[in-house]
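There are two complexes below, and they share subunit A, which is joined by subunit B in the first and by subunit C in the second.
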Partner chain A sequence: MLPKFKCVVPRSIKEVLSLLSENECKVIAGGTDLLVELQDKEAAPLLVDITKISELIWRPEERVGVISPLFTHGFVAESPVFKDMFPSLAIACSKVGSPQIRNMGTIGGNIGNASPAADSIPPLMIYDAKVRLLSASNERELTLEELLVDAYKTQIRKDEIIASVSITPMEGYRQGYKRLTIREALALSRLSVAYAIKEEKEKWLDVKIAIGSVTPVCFRARELERALSEQIKDRDLLDEAIALTISRIRGQVGARETHKFKLPILKNLLREILWGGSWE
Partner chain B sequence: MELDVEDHITLLELLRDKLNITSVKEGCGIGECGACTVLLDDKPIYSCLTLALKVDGRDIKTVEYLSKDGSLSKIQEAFVKNGAVQCGYCTPGMLLCAYALINSKKEISEDVIKEAISGNLCRCTGYIQIIEAIKDVAQI
Partner chain C sequence: MGWIMGIGKGIERIDALQKVLGTCLYAGDIKVEGMLFGVLVRSERPHAKLLEIDDRGAWETPGVVRVLSHRDIPGKNRFGVIRKDQPYLAEGYVRYYGEPILLIIAEDERSARDAAKRIKITYQDLPVIQDPQGAQGAMPIHGGGNLLTQKRLIKGNWDKGFGDSDVVVEHHYLTHFLDHAFLECEAGVGYLDADGRIVIISSTQNIHYKQKEVSALLNVPESRVRVIQAETGGGFGGKLDVTVEGYIALGVFHTKRPVMVRYTRQESMLSNTKRHPLSIWYKSGARKDGTLVRVQVRIVGDTGAYASYGEVVAQRACVHATGPYEVANCYVESLMYYTNNPTAGAMRGFGTPQMAFAHESQMDELASILGIDPLEIRIKNGLKKGSYTATGQRLDHSAGFLDTLKAIDPHWRERKPKDGIGYGIGCMYYGIGNTGVPNPSACFLTLREDGLIGFHLGACEIGQGSDTVLMQILLEALGIEPKSAVLVRGDTEASLDAGSTSASRQTYITGRAVFDAAMKLRSYLDKKGFYKGRDLKDIYQEASKEGMLRFDGFFDPPTTPLDPNTGQGIPYATYAFATHMTQVEVDNSTFRCRVKKVIAAHDVGRVINPVTTKGQIYGGIAMGIGLALMEEYVPQKTKNLNQYFIPTAMDMPEVEVILVEDPEPTGPFGAKGVGEPALIPQAASICNAIKDATGIRPFELPCNFERLCLLFEKEKAIGSQK
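Let's turn to the complex of A and B:
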């Protein structure tokens, strides 16, 4: 059961921001995470539903590369603009939860909730996502990497909303998203890798890799990216670069029981993705 | 239809407790089982995770819509013919997901059907009959 609470449905950003600046509130969009979180709680703050704000609603082709926080996962997964220009993100969104969750859950909510297993976050990171935050008194833009502080913790202040998320297309890059789950459907990612790779037959030109579900915060594997970009393709070099990332993960979170299976799989997944075919 | 609802009431509670539409079931209450599925503007959603006030001015379909003319729709007939109804608890949600899929522009295959009902659990585990019933209607 949900506790009793009030929920307001403002029609403009100005109205939302003034509500947030004056009250203890929680922003709700799809509600697929928030309403689960509120179950069996004694009380809830005032909810501010942002889904009726016309300034936050646009078509993807009107503002290419600018994501509305209200775009649902289902919408992004099916949208020709995202499928063509940001395929890693479209694939990741098609894997979220179930069709019902995808029809309600939003990109803004996925970022704001900041789950280590959020499917949309690694692909947003490879497209160098920048998040525009608005409050009654201020406007600022943070990279998604800056915004995410810890598991379920972000830099978003209580008086701020996500107004938009800008991403950069990676033209000429091989792009995708792979994840490991315990079962096929309705499952959380146990390990996820978003990638965009620019390459020639014999050489990696530019490599972008983001990894989710193995650390409290999804991250760009910058050490691996630096080690491989502009390098002749070589199996030993690739394994060395992967080892850098794996030792970074170990350094960050220490020994974890699940890493006994996750890290060897991550190594194989990265080999497959970066070698661009079968490793064996 | 116009109704006054309290802010914290879910669409599931509105449908069952205020409107007596008990075909919409509560299973898990946290968006995992699909028994509470309804169509919001023809797309499946979990009514247990949707505040009633969010559907103001929008179209909600429950399984009653499928037999609104007093006879079973094609998809319901196919469920009966294929033995796709066992205890019946998941059936309204399964039918609505099947209906939404059949009416979408998607090219339907067995994998697409499985994906479309992946948010609905059948604890009698009668999935094969359900998939066969949807295949019948999709003519594949």
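Let's turn to the complex of A and C:
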């Protein structure tokens, strides 16, 4: 049962920032994470609903590559701009939860919640996402990788909101998103890989890989990217590069029971993504 | 003669409109003036002595009316379908995590829930038994040892060893706890009527059983308790045991006010009975030509903290251990232990889906070693008319198993091998009704002053469609139009005991009772000229004078008890048979298995309503996908549906249903049952398809990508050692 709570609905960024600077409160957009978190809690903070702030709403074609924190997963998944220019992100958003959750959950919320299994984060990372944060007294921009500190922990201060997220299109790249779930819909990713690969038939030119649900924070597999970019395609080289990423994961979080199946599957997925076709 | 409804027609369900429109009231939606709410305080330990309960915090919560403990129970603080070993409220000890200790009654639900959190309980932990294998020698949970029951089945030269077999296959199969995950959680409301009797309206599968339990709990005659079934959003066996009814009764008894108890999903998952985990050692021997010679099976089950249906599941697992095959020599031993896990109870199939996983895997393994086609080996050994089952029962009629296999045959031949694609067969037989015990059903019909026929049913409609099917049987038997009959269902005050909606028994047993009542009424109506056009209102006047206003129907399928030493006997009057063929796709990289297509052939005796029959089969397939690939309840860890994965519509394959009709002479118009049969072979067929696709055989369910990956890695490691 949800505790009783109060919710205010400011109409401008200025209004929301002043509320945040003066009160103990929590920003709510879609509420698909927050309302679940509040279940069975004794009390709730003041909720500040930012979904009615017109300054945070624009059409994707008006500001290409600039994502509103209020864009829902469903909107991104269906938007021609995202489907054409940022297909990895559009695919990832189309996999989130169910239609109901996709229609409520937002990109800003997905970043702010900072779940290791967030579907939008790995694709945002391969598009080199930068997050613009606003507070009553300050404005700053962090890369998404800088912003994410730990599982469910970010650098976003209590008086800040996400004002926008900028991403860079990867023209000429093969792009996509793969996730592993126990069932088709309504399931968190147990493992996810976003990718953008620029290649020739025999050569990897540039490789961008981001991995979710294996470590507390989604990450760009830069060691693998460096090992493969500008290299002639080679199975042994690829396996060595994958091994680098796997040992990085092991080094970062140690031995985990779930890694017994996640790491072999990650290896298979990376082979499939980078090699294409059948490995055998 | 009047309009005939038509057996075998897919008429619209009589409850369809209100459910589609959302106007149907489920128990938790009911509002009664002045209604209080009851919430349970539950154990946070799996096994402990209760040292101290401090309820002051609850009393400080505004709105709290009563805090009830076992001391407030006027009658017996024990319930149980077979063995009354489960307390409504703990008496000094708790035996599983989530066991109810106190019942808080408050003016509103929020206050009751707040108060429940403020109860402080001091526990003294006791050793916890989690594994039934270790339960034998461990500290007794109930006194008298932890073995709940031991069933045995022996047949033929059961003790001769496998010397007469050319091939022997031996494996160990393992299944885990499952939750029913019905859409509607347990709920109900109760109040005192004008005569001071307790009325309970709840989501249930068996009103008359609940009436008996509440009467014993309150120490009042059964006539002082009325139980009405609310519209019920699924049961699958999980609403057979007492759920909210006892607590509602207790609340009403003490406050004299209406009381509602409704569980949240967390409470439901914590407290509801589960599917029994079974550990199955299975050894099969066959001759070179594929003839099964003998099986030897040992089953160890976990009934959790209380007995519930543990004995029934142990027995059914034993009886169905061979699957739908004729095996001359059998030795089956089935043990069920108490542990400190949640209570396992009835769940669609009573242990048979677990057994089908084992016996169908065995059949495929034998076929593979012998180089025989999996379908052929099943045809060779399949039960047919004149066959003897494992319990020594001769099948004289309605044994259409081979027809289900033959129906699958053309599809089986057409299968196309492709990388990552696999095909599997799963078969089952299932005894309709309770095992080797009387399980009668009764109903009655009335002639009414308004010229309609009152149709009084105690059989609970839980979403499966019994109202519609039983109505079709009535209309057909009487030869009347739908608008001539009025259904009065699920009220102990206005119906006879039809037994539980379980064991796939309502169409067959209650259907036959309805047929019986209808034939009596029909003969009376015929005498009175109804079929020559005389008006029912007119007949009513005459019947009223003659005292002929009520016509009772009854049926109890002929069975014999099983011999306690040999397990031989006639446990069921009839059996359903089925074959499922499943196509799966297993992703090479992720080991994720998707079920692509299922062809399901069922011998249902006679199809009463093809739409509802198919509905049951679609649902059974969905549940089988859950059992095979997704669902696993881990005690104390699985708390809600975000951790317990049931298939969604997105996981449903293409399904083709083939209905085989080998009529059952004792059934209504030849019908048997399909509720559980729909599920039973599905997981087995998926596992066989996974083996076909990957070369890896799952021995533990669910076979999710995690388990399949680990099996693959193990196989690879063994391969590289060689």
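Note that in this section the second predicted complex is superposed on the first by the 280 of 280 C-alpha atoms of A that agree within 3 Å, B and C clash if a C-alpha of one lies under 4 Å from a C-alpha of the other, contacts with A are read in each partner's own complex, and residues count from 1 in each chain.
The definition used in the following text is that contacts are C-beta pairs under 8 Å (C-beta built on N, C-alpha and C of every residue); 3 or more make two chains touch, one makes a residue touch a chain.
Treat the numbers as computed from the prediction; the structure is a model and nothing was measured.
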Inquiry  = Per the contact definition in the header, classify A:Lys6: touching subunit B only (first), subunit C only (second), both, or neither.
reply    = first
Ask   = Where does A:Leu186 make contact in the superposed view: on subunit B (first), on subunit C (second), on both, or on neither?
value = both
Request  = Tell me which partner A:Leu35 touches in the superposition: subunit B (first), subunit C (second), both or neither.
outcome  = first
Inquiry  = Under the stated touch criterion, which partner chain does A:Asn138 make contact with: subunit B (first), subunit C (second), both, or neither?
reply    = neither
Inquiry  = For A:Ser247, using the defined touch cut-off, is the partner it touches subunit B, subunit C, both, or neither? Pick first, second, both or neither.
reply    = neither
Ask   = Which partner does A:Gln100 contact after superposing on A: first (subunit B), second (subunit C), both, neither?
value = first
Query = Between subunit B (first) and subunit C (second), which does A:Arg271 come into contact with in this model arrangement: first, second, both, or neither?
reply = second
Ask   = In the superposed arrangement, which partner chain does A:Asp49 touch: subunit B (first), subunit C (second), both, or neither?
value = first
Key: On subunit A, positions contacted by subunit B and by subunit C   = 98, 184-186
Query = For subunit B, which residues are in contact with subunit A within the complex?
reply = 6-8, 10, 29-32, 34, 37, 40, 43-46, 48-51, 53-54, 56, 97, 114-116, 118-120
Key: Footprint of subunit B on subunit A - complex, ascending   = 2-7, 9, 28, 31-32, 35-36, 39, 44, 47, 49, 51, 74, 97-101, 103-104, 184-186
Key: subunit A to subunit C touching residues, read off their complex   = 1, 98, 178, 180-188, 190-191, 258, 260-261, 264-265, 268-269, 271-272, 278-279
Ask   = In their shared complex, at which residues does subunit C touch subunit A?
value = 109-110, 113, 264, 419, 588-592, 594, 629-630, 642, 645, 647-648, 650-651, 704-706, 709-710, 712-713
